[in-house]
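Pasting the structures here.
You will see chain A twice below: alongside chain B first, and alongside chain C after that.
So, the complex of A and B:
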């Protein structure tokens, strides 16, 4: 943990050397996810409801999903650059150090410009909260907390899978975007609007629905009370991800020059 | 002209080499397209009357968008160009007896086209076999189809011309990341990549349709899906031509300015 703090400070200092660029990147990050919001906004200018969800409810859903994703992304995005690390054989360096590999990869890149996106997530989150007609009580606040924890873990797990696959393919696979950026993009609406098949898939294969749709139903007083615990169950998703990573590390052959 | 064509050919055949990447791209775009259509379906079920296009037209729009994604996506810029400007390799390019604007233009055009050639066919074929309202419909008529191709090229030209402005801006700002991201999000939103332009309220849409961004993917995709016809179509094509010349003109001007004060970096 102390080591991570150190990595954090190094990246922070180096980012601060280029202040204008940093600021513009922040704005850029902000705009990218703001686009998604505008998309939702203008769709609801035309339609009042989708699958029984109103604009306010969708916003709440969007805010929470974006928050989950941003949290996971801000510290797990080091995995994004992982193909480069494997490609250039830099993973050798990581292996010889007497520290946990995952921690080192995480520390290899911390993107402060994601602050823009986190800021956007916070704004959406707060906005979603204030406009929603949810009657808040302790259980519901707990549900939101669980969603954030579960969501961060699940998205972190997906980043981990992305990196683990690189051990075998040596390059990043574009289609993994479906599960990372795609999930964020489509998480703006409750999963159920994409139909029953997608809902089943995202319940049992990759537990998106457990961190988004079911707890959301609970917040809106439409779900059963055990839905509150589902995000925590979703955390189990990290186990197969870690196993895949372990397998990958064992499979790793150094390459590059 | 011949030398720029050579650059074009070189890039084009280079782009064709990345078949594995293309396969991954095809899968990705296929899933994105499906999800997008499922989302529109939910809205269609919610209120069919509020739908500004027929559902079939929306499906065709989405599939065409996914198939020709590489032609229009603003984030697909040439990283070599940015790094050449930042690390000083630009010096080599300047030594050559060619116009840098034209060279980059033909290179970017070639990259986009080669990627699209590799990717579009499987997506289009598969989309044709989707059941009725969800799949790609056949073109409405032969003239409309030809016009679709014409506007597809014009739209690509406008997109590349716009990206050239971003490269040129990099000469002045050096660090490209910020400008690039802002430009990309603006393009995405105003070109109809987030949601198709007909879904916007009328007042906003009218303004958006005049902007150069609407001349990118909006025109060809809507002509194909039969949403844009008659005099509105003629206007849109004229506007495309206008923006193509205007953006190229501004780009060349910026290029000339940049060449006057260029600093070669790196060591």
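So, the complex of A and C:
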């Protein structure tokens, strides 16, 4: 943990070397997500409800998903950029240092400009929060916290799978973006609107629904009380991801000098 | 003590002709060729020895270094370094080695050198007194005092290389791998790096394994050379073994490569 703190500081210092660039990317990140927000807004100008969810509720949902994704992206950026790390031979360096590889990859990239997107997510969330008629209490705040934790872990896990595949292909696979950026985009709306099959898939295979749909129902007083714990169960998703990673490291071939 | 016995490493390389149609064909059917990067390589290096590991490009030098430093796993053969198998006891093993890849930096580009060193202190869990002691010694020997506060991106190549070497030695490793440490350096920096390596070997008895294409490096630093070509060891001896009656070592080496058709 202390080592991660050190990594964090060194990235912070690096980012501060280029303040203007940092500021501009933050604004860019903010605006891009704002676009999506507008998209949802115009949709609801035409339809007042989607599968029983109102505009404010969808905003709440989108706000949380976007926050989860952006958090994962800020911290697990090293896995998202992993093809680069392998191709530039940085992974060789990681292998000759006496620390866990995952910690080092996590520490090799920390993206501060994602703060723009997180900010946008917070704005959306707070707006959805104030206008929706959710009655807040301690359990619900805990549910939101669990969603953030579970969501960050699940998205982190998907980044980890993406990185592990690079060991075998030495190349990034674009199709994996369906599960990362794609999930973020689909995450605008509660998963159930995409039909039963998708809901099943995202409950049992890649647990998106556990970090988004079910706890959302709980927040809106439509779900059972155990739904509050589902995001934590979703964290188990990281285990197969870690196993795949271990397999990948053993398969690592390096590349020319 | 480093022992390597009958080590074999093969790479699978995909092959195709140039051009669009063959690129398209390769989408469906790829042809592979197996390249023996290392073919039955064995040698022993004692503690405190300084060895030049030479050979033409693509002979297997880097593969050997990567196996010795625990990055790659060979298909066959054994390798023991101070009682540890590098690829099996990776974390234990790499605590005792330092690696300098001449063509790749291990320092953080945008921040002063000192910050990178502080991070390495944390990575290697170096205690503060021994860190301070080593840093002071290295600063002195490599003349770094002016450089430590400069961001890495503003250093010249020679200055950066001195910092790279210092970074690999902060944790006091017993073995130092140098992969082309003098590549691209000017005469002054080259001499500084060579002097330092000699001093390090003498004072701390660090085992040094050096790969280079610069024969002057070899002449200045080592008695023993291991020469590898096409994945097998062709010569394990002294520089005089290839020198014979040629005027320069460079020419002698070129003649040696030609005579072995590598």
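Keep this in mind: the second predicted complex is superposed on the first by the 255 of 257 C-alpha atoms of A that agree within 3 Å, B and C clash if a C-alpha of one lies under 4 Å from a C-alpha of the other, contacts with A are read in each partner's own complex, and residues count from 1 in each chain.
Going forward, a residue touches a chain if its C-beta (ideal position, glycine included) is under 8 Å from a C-beta of that chain, and two chains touch if they have at least 3 such contacts.
From a predicted model like this one, the values you see are computed outputs, not experimental measurements.
Asker: Applying the document's definition of touch, where does A:51 land relative to chain B and chain C: first, second, both, or neither?
Answerer: first
Asker: Figure out whether A:99 sits in contact with chain B (first) or chain C (second), or with both, or with neither.
Answerer: second
Asker: Thinking of the overlay built on chain A, is A:123 touched by chain B (first), by chain C (second), by both, or by neither?
Answerer: neither
Asker: Taking the superposition as given, does A:238 touch the first partner, chain B, the second, chain C, both, or neither?
Answerer: A:238 contacts neither chain B nor chain C.
Asker: Return the chain, chain B or chain C, that is in touch with more residues of chain A.
Answerer: After superposition, B is the partner touching more of chain A.
Asker: Identify the partner contact of A:34: answer first if only chain B is touched, second if only chain C is, both if each is, neither if none is.
Answerer: After superposing on A, A:34 lies in contact with chain B but is clear of chain C.
Asker: With the two structures laid over each other on chain A, which partner does A:195 touch: chain B (first), chain C (second), both, or neither?
Answerer: first
Asker: Is A:20 touching the first partner chain B, the second partner chain C, both, or neither of them?
Answerer: first
Asker: Would you sort A:3 into first (chain B), second (chain C), both or neither based on which partner it touches?
Answerer: Touch partner of A:3: chain C, not chain B.
Asker: For chain A, which residues lie in the overlap of the chain B contacts and the chain C contacts?
Answerer: Dual-contact residues (chain A): 18.
Asker: Taking the complex as given, what residues does chain A use to touch chain B?
Answerer: Within the complex, chain A touches chain B at residues 18, 20-25, 27-29, 31-32, 34-36, 38-39, 42-43, 45-51, 113, 173-175, 177-178, 182, 186, 189, 193-195, 198.
Asker: Which residues, counting only chain B, touch chain A once they are in their complex?
Answerer: 21, 24-25, 27-28, 31-32, 35, 38-39, 41-43, 45-47, 50, 52, 173, 175, 177-182, 184-186, 188-189, 194-195, 199-201, 204
Asker: Which of the residues in chain C come into contact with chain A in the complex?
Answerer: Residues 11, 61-62, 66, 69-73, 90-92, 94-95, 97, 99, 101, 103-104, 106, 108-111, 115-116, 118-119, 122-125, 151, 179 of chain C touch chain A in their complex.
Asker: Using the touch definition from the top, list the residues of chain A that touch chain C in their complex.
Answerer: Spelled out, the residues of chain A in touch with chain C are 2-3, 6-7, 10, 13-14, 17-18, 88-90, 92-93, 95-99, 104, 250, 252-254, 256-257.
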